[in-house]
């Protein structure tokens, strides 16, 4: 039961985005989402290192060290892009101009707490832009593998890693499921193909609520 | 008013031990490689480095070379370590040979912006309820909680731009802009490494990003093949 | 994503009585004449106007026309009156028909910038010991006294730019830039009046001053012969 | 005893400026100073409405409504100019990047207090950029007529108009004299041609100290 590939997790997360939205993609898996945003979607991507309007990750021959995302991956640009400095990039975030952010996570808790900056057991961590993003953005989508590669649970009753923000996550997209954080608890909305609700619950610490229209992901 | 110096060595020659220095750049883009190398050669020690990410992605060219030579004693940064790799900073940090203050990136940018704007402190929502807010003074405005944050300033800012005119007006190239413009405003002495120096009047006044008033010294960097891929 | 509307009238049609509105411009430059005229025609009343200088230099085109029609009930400004001339604002002010909050210009600009940057309050040295500091909360940082100032935000910002692309990216022309870029960031709805609308991709991404994320509506203004001399 | 014309006051003030300085000129008489700054002086003029590097006031045929100073007078530009927004213009001022500001005044007191924003007897005043300028600038030069046109004294023991800043003025240049504000009091450094120290004292409320090298202005 491995569920979706990283690419398919990114594709499923991209489906959450709507026309006219300004969207920030975090470091790691979230950057893959940019490969599934078509021009027709009318979504504008924001990068905290100072760009609006970038496209997919650049191919080998297009790379320019001066055009990268926050993960230092080479970018492509779309028409209508704009560059600005880091203070401006975060002024946009803090003031609520970013509609959606897609972030990775070490742990997400039952009430939407997010821990994504300090890896378990490491002495130092990198906060980066994630604390500003969860504080300022209207909707926070977490994309991640449902468990660690050692099988440890990542969707937990209470985070044990240092928090990035409390009660900030709206939606979790994993290789196994799409889960909504609601005032009543975690609501299982979709399961990956050939994955059951029981399979998801088995690797999720808190009790999952089942959506009335629980269904298989359309990819 | 001609601020152009002949070499990176000349530009950093008065940077004393114990200086607080801002270093521009983010990941791989907008890093003043020639100035970092000159500082490495000079050997200034006891540096407090204010920088978003203290190197590691281009470890033979970025701040990693200063950590390996133990020139930096304290780091104020937002993204000090990477997943899946121990950088030169973290090697020293694990041995407690360097201090670290880790700051949310937006707060980091805004503290530098405040330092360059004559604002000693400001309130931000970022970090409330997280570890970044611990020990910070809190205050409620309109029913929401905020943290008091203090401005950051430095003795020197070592920044990277694309082009300069001789008066110090600067333009940048794409995402190599990042922290360079705000750091340019927040240091007593700002030193800009650029790819190209043009005559006064050649830059469009509408497109200047850093006006020359913020820049003390300009040097032309070499082209580095840092092996980015 | 096309934010272009057909007329100034359409752009202001939902501006209700009692709205707080930022108006760009400084003296004679960078004023959204067509939007002001449309607001005059619509007749919105009880406006709180946040503007550097509430008109008078071009009194048949600037905010003076809204004061004469008694559409503005409160002004937050830095330069409300002129030497040697009574403007339409001051005529009402002398009769106590409009309220005034006068703010040092740098504090005014920074309060708007804070409003657009998610910063609820900040400290500034400006106004300490002067009338602008009376009644304000004071605080000492590093032996110097500062005043606490609060952010300014508005329901609408009516701004003037030179060119826009259809996504709302803006560039300005010389000193007509002034307060327009900061006001663009600090309102729930920003409406930009421009001289020219271009297709997406025609503006240089390096030279965009106001990224489209800040702009909700774009209208092309007429050319006004305001008799500047 | 009228002393210098407004143009000559501006010329004398311009002589205070040095190569490499960034200088802001206030509204009114101070703007005339821009006509006496030659390219050779190496001075860069700053305007709080968002320009660095402007030149003299524009002639009739050169006027452009989009290129004006803080007094709405049409400007000319010098090579190396830059435009920016108002928040940036004042970030420069507050952070101490402006070396000198030249301002007008209603009153200046013995200890360098400045009153220049609220005219006597008027209900409303315009603060403009002056409070930021006196707070952030290294050197404040006041240029003004020595008395009002009704003969009222403007250099006073204590200001009666609302203050712009206390203890902020460094130098006063009038139609009659150049006066330095020192910890000991007002120091008369220069007198206008055919004006004596006694003439200046007669229209100055506080007691003037006489400089050892008191001399006639060189114009």
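Note that the chains are named A, B, C and D in the order they appear, and that numbering of residues resets to 1 at the start of each chain.
One rule holds for everything that comes next: a contact is a pair of C-beta atoms (placed from the backbone, for glycine too) under 8 Å apart; a residue touches a chain by one contact, two chains touch by 3 or more.
Just so it is clear, the structure is predicted and the values come from calculations on it, not from any experiment.
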If every chain is reduced to the average of its C-alpha atoms, which one ends up farthest from subunit B? D
Which chain pair is joined by more contacting C-beta pairs, A-B or A-C? A-B
Can you work out the whole-Å distance between the CA centroids of subunit A and subunit D? 56
Per the centroid of Cα atoms for each chain, what is the distance between subunit B and subunit C, given in Å? 33
Inter-centroid spacing, subunit C versus subunit A (mean Cα positions, whole Å): 37
When centres are defined as mean Cα positions, the distance from subunit A to subunit B in whole Å is 28
At which residue positions does subunit B touch at least two other chains? 110, 117-119, 124-125, 172-174, 205-206
Give me the residues of subunit D that touch two or more other chains. 51, 83-84, 87, 90-91, 93-94, 136
What are all the touching pairs of chains? A-B, A-C, B-C, B-D, C-D
Complex contacts: residues of subunit B adjacent to subunit D: 1, 115-119, 165, 167, 169, 185, 200-201, 203, 205-206, 208, 211-214
Subunit A residues touching subunit C in their complex are 19-20, 22, 42, 44, 46, 51-53, 77, 79-84, 87, 90-97, 136
Within their complex, state which residues of subunit C touch subunit D. 26-30, 52-53, 57, 78-83, 90, 93-94, 100, 102-107, 109-110, 112-113, 124-132, 162, 172-182, 209, 226, 228-229
Sort out for me which residues of subunit A touch subunit B in the complex. 28, 47-51, 60, 63-72, 74-75, 83-87, 89-91, 93-94, 118-119, 122-132, 135-136, 162-166
In the complex, subunit B residues that touch subunit C: 110, 114, 117-125, 139, 141-142, 144, 146, 150, 171-174, 204-207
